[in-house]
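What follows is a pair of complexes built around chain A, which joins chain B in one and chain C in the other.
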Partner chain A sequence: MKQKQTHHVVITYSFLIFVSLSFIGPMIFTVFSSFKNNNEIFSTPFSIPKIFRVENFIEAWNAANMGTYFFNSIVISVSTVIILIFTASMVSFILSRFNFKFNKYLSVFFLLGMMIPMQSVLVPISYFVGVLNLKNNLVALVLVYVAFSLPFSILVLTGFMKGINNSLIEAAIIDGASFWQVYLKLVLPLSMPAIATVSIFNFLGAWNNVVFPLLFINDNKLKPITLGLLNFNGERGSEYGLLMAAITITVLIPLIIYMLFQEKIEGGLTAGAIKE
Partner chain B sequence: MIKKIIKSLTLCSICLAFLACGDESKDNDKVKIRLLTRMAGTSNSVKVYKDIISQFEQKHPDVIVVDESQGDESSFNNKLKTDLASGTLPNIFRIQGVANLGEYVDTNLLADMKPILDEDKEWGEGFNKGALNYYTIPGKDGIYAIPMEQGLMGFYYNKDLFNKAGIEKFPETWDEFLVAIDKLKDINVIPIALGAKSTYSVGHLHNQIFYRWLGVDAAKKLGSREIKWTDPEVVQTLEFIKVLNDKDAFSPSAPGISNDIATTQFKNGEAAMIFTGPWNISTFVDPEKTPVYANIDFAKFPYFKEKAEFKNQDMQVISPYMISGNLKGKEKDYTIELLKMLTSKDAGIRYVNEAEFLLPRTDFEADRNKVGELFLANNTLAQTSDGIGVDVFDFDKIPSMQDRTRNSIVSVLMGASPMEAGEEIQEEISRKE
Partner chain C sequence: MIKIHKKSDKMLILGFVLPALLIYVAFQIIPLMGALVFSVSKWNGLAVSPVKFVGLDNFKILMNDKNFLISLKNMIKMVVFSVAFHTPIALLLAVAINSKCRGHKLFKAIFFVPTIFPLTAVGLMWYFIFMPNGALNLFLKSVNLHQHVVPWLINESTAMNAIISVNIWVGVGFYMVILLAGLATIPDELYEAAQIDGANSIKQFFLITIPMLKPIIGICIVMDIIGSIKVFDLIFAMTEGGPNGLTNLPTTLLYYESFRYDNFGKGSAIGVLLLLLALSLVFLSNFLTGEKRRNK
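Let's look at the complex of A and B:
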């Protein structure tokens, strides 16, 4: 029995170590490469840098205009997340708690949005953005992100809200709470774990997107960090050392956000358990 | 918590509104010139390009130049495709290939450059005639682009490794070339550095074999469907790729590595030669980037004895600037002025001396104290071309032929027969037409 348990532990840990290495590997490669030049990256891709070229980070910061682009990326991503929290949770509240004639059709309608590939609508969206003179408008960019992230967010939040104990809501209504109060003071706080999960996806989606800012933003003052990274790609060659340095800096912020939200998820889950 | 979120939302909205407005009111009175080219990145040629744009802006404070150029191919294509489809074409842009230009002329997306070239003789007559003629369209009068880059594709080779292998000079004929490959293998070096994961590198190699075997006009005949990819003579051009592969002229890992890695193999002296364009010269002469920099020389692709008439039918790189056909008034005048500045004799001198980047003009010479021997060798041999082609698919109206032809040629390295590769390409044509 004990031997069986030891085998089980060995297999589990081997698997976990393998998975961890496969995730950490690319990150280590990126960090090592950020100190190298092209020649060293391609001749000894996985070795520790012979010389630590710290100047790569300085040059990358300047060449990618990272100070401004960082700020823009944060504004775009945070705004997208906040708008999505409210819009998606309101829709989800209605879909999960109200029985009306078109409830199912409405759910399917939102789900259909997930089936539309982004590439297939680039031309019509950029046509409208052009016609409505919305180029170089961050609000328009944020709204496009919101539109594309809404179906997934609604799907997750609706599923979660359906699981909230109905007696809690009924008790609140008996105590005189309006639907708005039920939503704002009861359902929204109870849904925080799901909101945190959805927010991570939405934040990363907005932070990493290249295509929409590439098409809609050409003012250097408004560009996000992903467009800054493209500065290192030339027609016939790229400065991979600088690019990796820029990526290392860029990855830091989402990494911190992710870690913060991870904590929230755990906290939220515990809070939910106590209320139940 | 909720209050905090509401506060954040309000703050963000204010920030967004503030940012979104920016200096629009100030900028609204200015003429805006948008550029969408491939001149992006950190190379010296891009620095010259950006510097010329800054000079133009200083000269004209009432103009804003918005440079949306993208080095990355898919980003560039996405941007150009959506701009073309949504009718928001930039003032100066670039379309690769010449097969579809007729359609763009018919829809007034492209401006005819001939009147502008004729009007300013000093600027207009300085261009290489062959490069200008590349942008004429059968059945239409006019010239529809200004060439902004030209250079001969060929073999950059390591003289030291060739000497060690007992090869005194770079082979001139295909047969001599095959003998040289055997000799290079005998000293345990990779004869030809190739990274087929970057499919364009194999595509370029095939282009040059194609022009040496069938001539540049044959590519036009493929485009006009006078000949097919399954015709024996065309299949033979794919057969030559197989011959090189069967001879182990490439590294066994060639199908899986990128062109960057292959170029590094050559720069580190692990490979004896690489088929590429002049854009690599600045790194090939840099001791920090290329340890074997002192041993590198340049040669044209060998010719086939039985096809001596195509000895100088060469693959060259020709890249264009095009102007939107919808421009009017002041915006048009400023756009033309900027285009002239970017392609003037002075720009040509700066590009060549500061970046070893060749503007296709004949009215200046490179400063021999500033440019290297390698650049001069490339430039001298480029003058011997009596037929110039870029990519074979440039003459094909089907946009997917770029990927189709390159992928099928790569499949020959993976074991497909040349006929199978030819049939695959021909099937794509049949399906799309």
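Let's look at the complex of A and C:
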């Protein structure tokens, strides 16, 4: 029996280590290369950099505009999350608490959006944004992200808010609190766990998206980091060390968010998957 | 649930719903209608030229368009390979990690992290691995496998497979996390009882784990099919649909037709087909999982 146990452990570890090499390998290669110059990348591709050329990062950040792109992405993602959380939680508060004629229809109407593939509406969205003269305007980009994030966020927030104890809210209303007060002082603070999940998810969604910026933004000063990275590759793609540094800068924020909110991300993911 | 009677309350409710409703309608519902209109029109994207109604012509053109048929073939290939690899690998990883071996949290993080990276960054990372003098070929040369050195993304027979393997790589962690959540719901007593009855781990895996996870495996497969159809960023970063348009999916072809060649009608028609495909898959999966629920 003991023999068999060790047998198992060996198989499990060999499997995990083998697969994780194929996962870490490409990532480590990218990070190592980000400290090298072209010569070193091709002559000693897999070794730890002898000299850590931090200047790759400095040049990517300054000369190649990655800093600008990075801050644009921060502005875009943060604004998306703020607008999304207010609009989505207000609707969810109503849908989860109040009984009125169109409640059901409204819920279904919002859920419909989850089935629309982003690509299906690229042409008309680009057309409308053009007609509204909102190309090269971050407001349009943020509003599109909010629109596409609303269905899932409303689903999660409504589900969570339904679980909030009704007597709390009724007591507040009897005490003369307005809807607005109930929403701001009671429902919103009580929904913090769900709001956190929705915020993290949609922050990452906005950070990672490239297709809408591709359509809306061609001003270099306004580009988010994903588009900036493609841009960089087009312009200076042969300076591999620099490009690897740019890739590393791009994945940094998602990586930090994962390290900080690991459980929230995984929990939200499974909630989303199982609910669908 | 609180009932609403007063008119002033109705106005308040409207006020709470309106911001979200306006953004949603303006940037999702109206564009959706727009996609339907554009798909039966011919238009080159210029404000001065008229949008001409052409009925189902765009769809007829697509059915005879070699590039579109290639993209469909690629899409099917992408779906089949993703489904064939994602869930099985993710399931094995989930079971291994679920055994709570030393370092299981670190392993989980390693497999999961790529799924939250921007796909443009992941695509470029792999672009440099697949380059003619990139890491993969340098590695093959260093272990004396010179005969396998290929310009992966330029070679017509390997380009699509390379993209598909990156899609598999980047998605495994996502399905692993979902399956891990499923594994957590299986009661330990089942395994203990099986152990007493003398069932070894392989038997336990096939007789307990897989049957108990069936509904979640089903969800993974449906999400995988829908996800594989939507792949866009990877191709955009790795090949831009090349060589010779052989790595296009309907999603990327839609983009190029619309925004590089200004065939907005044709592009929208692809969009409508994608929408129909996504809708029918969602309804099919709801029907299948609904059926299961009723059987319980």
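A few comments on the model shown:
FYI, the second predicted complex is superposed on the first by the 180 of 276 C-alpha atoms of A that agree within 3 Å, B and C clash if a C-alpha of one lies under 4 Å from a C-alpha of the other, contacts with A are read in each partner's own complex, and residues count from 1 in each chain.
Quick note on the criterion: contacts are C-beta pairs under 8 Å (C-beta built on N, C-alpha and C of every residue); 3 or more make two chains touch, one makes a residue touch a chain.
Since we're looking at a predicted model, the values are computed, not measured.
In the superposed model, A:I85 lies in contact with chain B only, and not with chain C. When the shared chain is aligned, chain B and chain C each come close enough to touch A:F42.
Contacts of A:L222 after superposition: chain B is touched, whereas chain C is not reached. By the touch criterion defined above, A:I154 reaches chain C but does not reach chain B. Applying the stated contact rule after C-alpha superposition, one finds that A:F18 touches neither chain B nor chain C.
Looking at the shared chain after the overlay, A:F52 reaches neither chain B nor chain C.
After superposition on the shared chain, chain A has more residues touched by C, the comparison being chain B against chain C. By the touch criterion defined above, A:L122 reaches both chain B and chain C. Of the two partner chains placed around the shared chain by superposition, chain B and chain C are both touched by A:V210. In the superposition on chain A, A:I94 makes contact with chain C only, while chain B stays out of contact range. For the contact definition in use here, the residues of chain A common to its chain B contact set and its chain C contact set are 42, 83, 86, 122-123, 126-127, 210-211, 214-215, 230, 233, 240.
Those residues of chain A that touch chain B in the complex are listed here as 37-39, 42-43, 63, 72, 75, 78-79, 82-83, 85-86, 122-123, 126-127, 130, 136-140, 142, 184-185, 188-189, 210-211, 214-215, 218-219, 221-222, 230-240, 242. On the side of chain B, the complex with chain A involves touching residues 1-2, 5, 8-9, 12-13, 15-17, 19-20, 22, 24, 34, 38-43, 46, 66, 68, 70-73, 75, 78-79, 81-83, 85-88, 260-261, 263-264, 267-268, 277, 279-280, 283, 288-291. Those residues of chain C that touch chain A in the shared complex are 1-4, 9-10, 12-13, 16-17, 19-21, 23-24, 26-35, 37-38, 45, 89, 92-93, 96-97, 99, 101, 107, 109-114, 116-121, 124-126, 128-129, 133, 135, 138-139, 142, 169, 174, 177-178, 180-181, 201, 216, 219-220, 223, 229-230, 232-233, 236-237, 251, 254-255, 258-259, 264, 267-268, 271-272, 274-275, 278-279, 282. Against chain C, the residues of chain A that register as touching in their complex are 8-9, 12-13, 15-16, 19-20, 22-24, 26-27, 29-30, 33, 42, 45-46, 83, 86-88, 90-91, 93-94, 97-100, 106, 110, 113, 115-128, 143-144, 146-148, 150-151, 154, 169-170, 173, 179-180, 183, 204, 207-208, 210-211, 214-215, 225-227, 229-230, 233, 240, 243-244, 247, 250-251, 254-255, 257-258, 262, 265-266, 269-270, 273-274, 276.
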